[in-house]
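Both of the next two complexes hold subunit A, though its partner changes from subunit B to subunit C.
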Partner chain A sequence: MARANASRFRFNPPGWFLLLPAVLFLIAFFVLPLVDDGLRSIRADDGSLTLARYVAILSDRFYLGVIVETVALSSAVTVICVLIGYPVAYHLVRRAGCWSALIVFLLIAPLLTSIIMRTFGWQVLFARRGLINTLLVQDLGLLEQPLRILNTPGLAIAALVHVLVPFMVLSIAAVLQGIDQRLEEGAQVLGASRWRTFVEITLPLSLDGIGTGAILVFMIANGSFVTLALLGGGFQTLPLFIFQQFNTTRDFGMASTMSTVLLVIAMACLYLQLRLVRRQGI
Partner chain B sequence: MGGFLLSLFVVAFFAFMLAPIVVVVVISFTSAGYAAFPIPGWSLRWFYRIWEYPPFVDAMITSVQVAVLATVLSCVLAIPAALYLTRARSGWADGVTTFLLSPLSVPMIVIGFSSLFFLTWIGIGISFTALVITHTVACLPYVLRTVTAVHRAVPPAYEEAAAILGAGRWATFREVTLPLIRPGIAAGALFSFLTSFDNLPISFFFGSAQTNTLPVVMLSYIENQFDPSIAALSTLQLLLAVICLLAADRIYGIEKMTVAA
Partner chain C sequence: MSASTALRLDRVRKDYGSTTAVQELNLEVAAGTLVALLGPSGCGKTTTLRMVAGFETPTSGRVLIGDQDVTPLPPNRRNLGMVFQNYSLFPHRTVAENIAFGLRMAGRSRAEQEVAVTRMLDLVRLEGRGDMYPRQLSGGQQQRVALARSLVLNPRVLLLDEPLGALDKALRESMQFEIRETQQRLGITTLLVTHDQEEAMTMSDQIAVMNGGRVLQLGAPTEIYDRPKTRFVAEFLGTSNIFTGRAESTGREIIADGMVITLPETVPVGSEVCLSIRPERVRIGPEADGLANRIQGHLSGAVFRGAYAAYHLDIGPDRRQLFAYQQSHGPHGTLRYGAGVDCWLGWATEDSVIVTVD
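Our next item is the complex of A and B:
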């Protein structure tokens, strides 16, 4: 049996041959397109090389504004996700007990729904004659006029938080789970209040989880497109700009420049993520 | 008191998380001709409407075909790489793993936009093939992750024992490794299928009458009409995803999936 096999497989490649299909595929269809994209951003219409578009980005207030707005929006969404996600993660790990399986399921379920579905849901809830406005104006009589909620920055931010907060909760919960509870008990035995125990023991020990979750959320927020495209909010971010330049303006050079900027931001996040993971020794 | 407030906060949180989803599921069963909540009565008319609207059906077929092919291709490419990378614990192997996972970190719109120009340049252009290739780029990391996670838990001794007893590499893989890593492959394939099926930011760059996927058609539909057929489609899609999740939980374990996701 062994001999038969040995004679059939005369060509005996080294183990790393197993990597070749995946590596070559990604070089051909992932790396090369991105390199091509970068080259398009520095090629002038007559074919010569130019940095004019990058100069334009750094000197033009509109272009610079798009980049600043992208980063500012993602940062705001990240901070909100930490503030909302931390208590939920804490509850999940420390309090939920037999409910934790249900909570995990409820966290994962929204991840499985399409962005279009959730956006549709928000539009129905917050339409001029939607559920919320009907409640406020007709049923409760709190308001004279229906609120204009669709196409406001607030709803766009809420929808982004809705998409991203599960990632934050799961990242924080993973780290909270690993904290030795005896440290907290020890602090309380020594007379620290619950709040002080949390601020001085639990919170510092869970900073890595917040960091991991924050980078992940920030990274996905930077690239998110469908939510903002459908819910508006008046934001002008890099993905929306790329789409507009591609679809309407048809200035492919500028779209490539902005997509290269977005790529560089994403790579910086990936670098931070790797450093954080290495430090945790996972 | 603090504990009560925390519980209240968590309940409010899940109300926020579930509200838009529940609303859409309910609306998909409305008897009304418009999308509004609460609904006046129950019916299945919008599910019938999906089947009577050819663009939805065509797009659904395209989406399933692309998702299946991209998943198969992802498995073919990622499984051999995962098998090597779990056993090679050197510095450069970590680098290769990072590289193979890096499509997860690049915004999809960047992948879609740059692929459109590159694939057109090499002659593939806007086509079914282009959809499968670009979706594979996005799906491959998921298969790599789950297979690596499962294979790492398999003691190398099993494979060594098979080799000592005279099994060749292929026989060892087929008889020993493959049965052991099957849960990882299944979970990775399910993730990959769902990722591809739901993908919009890559697919719309490759949209044409023959290559429109379901999310692309839904997006263009929602921009013009606001009727409950989108809700019915979303409900079907959610049902598919829940079935996949429950299947993955049975064969792989939900906790491991949250780590893998």
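Our next item is the complex of A and C:
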């Protein structure tokens, strides 16, 4: 009897019901702002619809340069992250053994700190009167003048890589983990050297992980603002310009237009990368 | 070392820290024969195979292929073929590309690769499947591709690591015959690792029964089955009824579980003896008349198993259990004896084997 009663009052929602909170949240804080943003970019000051801002951005050599620089910077960061992240991921999965937990911790620990704190860390280290320069000039006396490291492109790229490389490592490691080592052994028995085995078997089978990592890193680098704003480096990227349009110029329409352009670039790259990865079709 | 020895393990030992996986193992595989390493998991059979393949380096000892000491060589320079339990076909390569892999690594021409791939596909009866991907094939077909891939380079030795473990029973049996047939036709020296005694019996010329990192007995399947040297071998291959006791008076008898049991041979008086009798050698009812070992027993269980009937008997004052198998007689589904009756049983002394306690 108790059982029957319980089932009569049991709340039995349809499957989609569980998705509702997430969907509502996304509509309120993601879809609606995006729509608003898009509308703002095509609404002229008098209220009529116009594509003038897009024409302005896409026909202006300066703005085109900014777009190219944004994509180039993100691409460079992505490539560096692959080059640094792959060996780490490989070591983590195949060699580290009982140390792998520690490596994963070391990878994830920085993510627990806010990105602003980590970026300030670079400033503390490399500022004119920062730790490194103080050490080199005052304490060791190796240099006459402090090095100018802050506000160089190299440092900005290094800081972005520093922030983003864990995403790459974890994406690649997850896929490497799933590759049966006996595939590699099978290749070796058939006469493949370690290097050939890597090129023929391990690398193609881990492209999925590289793809996922590259998409993550590229997207975040594309939209990264804090690192570039704090460490400079002379880069002129879309996020910095959007910030400028909002805060300095107060041209919301132009800022919205740039945001939309940035979004389209991101989606286009996502599509391309997905296609590249799919092409390998495993 | 005889001229026909294709693979030889010379006092090979493998330690992992303080534990010894393989201890001072000697093994010779004659050219063109198939030797099975048979044993329970953890007996060192896989480690032995991996040392032959070159994935593990022996702590001491040598691995010789033909006359060449390959111990210091990496796997890719040993010219071996290997089939893994899960086949480990390259999932991102077609069947043809999988088979051609070894040829490509060896730098053979494209034309030569194509000819060889076609020949191998024929050999394993997968004509026209070259363009498919491994995941599109059934387990048995994948298994055949793995075999073709490992044979395409005419390896000096073929290594089979539980090659049929992932297949269901019916397919496993037909593949056992198929692999054995291919192996004999090509006359390729083969080392098989398995924990399945039937597989070892079906496929091998010689079986090396392993336990605790050692080879307990090496011999032809019939020899291993009929003349086990140790209790472990007797019990691991098939089922055995084991009697242990001290040799009495003449040295032809032991007292085990309160029964006097006649031995097949004379042993020193007072020595501990372990005797093994196969269930199918135990005779029940009138068949037991006149045998040296004839005991009254109680039939506690009778099971019909298709080709034979399995009986559980309680014998002697301690009512110890004894297994007896008999060919099925009469109409299908009938047992000659039902459970719950008392009967005579016995076995010929020459059907029992004295084994050592490991």
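In this text, the second predicted complex is superposed on the first by the 223 of 282 C-alpha atoms of A that agree within 3 Å, B and C clash if a C-alpha of one lies under 4 Å from a C-alpha of the other, contacts with A are read in each partner's own complex, and residues count from 1 in each chain.
Convention: a contact is a pair of C-beta atoms (placed from the backbone, for glycine too) under 8 Å apart; a residue touches a chain by one contact, two chains touch by 3 or more.
Note that this is a predicted model, so its numbers are computed, not measured.
Chemist: Should A:L276 be classified as contacting the first partner (subunit B), the second (subunit C), both, or neither?
Modeler: After superposition on chain A, A:L276 lies in contact with neither partner.
Chemist: Examine A:I42 and indicate which partner it touches, taking first as subunit B and second as subunit C; both and neither are also allowed.
Modeler: A:I42 contacts neither subunit B nor subunit C.
Chemist: In the overlaid three-chain picture, which partner chain does A:A56 touch, first (subunit B) or second (subunit C), both, or neither?
Modeler: In the superposition, A:A56 touches no partner, neither subunit B nor subunit C.
Chemist: With both complexes overlaid on chain A, does A:A76 touch subunit B (first), subunit C (second), both or neither?
Modeler: In the superposition, A:A76 contacts neither subunit B nor subunit C.
Chemist: Looking at subunit A, which partner touches more of its residues: subunit C or subunit B?
Modeler: Larger number of subunit A residues touched: B.
Chemist: Give me the intersection of subunit A's contacts with subunit B and its contacts with subunit C, in residue numbers.
Modeler: 194
Chemist: Of all residues in subunit A, which touch subunit C in the complex?
Modeler: Spelled out, the residues of subunit A in touch with subunit C are 180, 182-183, 185-194, 196, 200-201, 204-205, 280-282.
Chemist: Subunit A touches which residues of subunit C in the complex?
Modeler: 53-55, 74-82, 84, 86, 88-92, 101-102, 105-106, 149-150, 153, 159
Chemist: So in the complex, the part of subunit B that touches subunit A is made up of which residues?
Modeler: So the residues of subunit B touching subunit A come out as 2-3, 6-7, 9-10, 13-14, 16-21, 23-24, 27, 35-38, 76-78, 80-81, 83-85, 87-88, 96, 98-100, 102-103, 105-111, 113-115, 117-119, 121, 133-134, 136-137, 140, 144, 166-171, 194, 198, 200-201, 205, 215, 218-219, 222, 226, 230-231, 234, 237-238, 241-242, 244-245, 254-255, 257-259, 261.
Chemist: Give the list of subunit A residues in touch with subunit B in this complex.
Modeler: It is residues 1-2, 5-6, 9, 15-16, 18-19, 21-23, 25-26, 29-30, 32-34, 36-37, 40, 84, 87-88, 90-91, 95, 101, 103-125, 127, 129-131, 162, 165-166, 170, 174, 194-195, 219, 222-223, 225-226, 230, 239, 242-243, 246, 252, 255-256, 259, 262-263, 266-267, 269-270, 273-274 of subunit A that touch subunit B.
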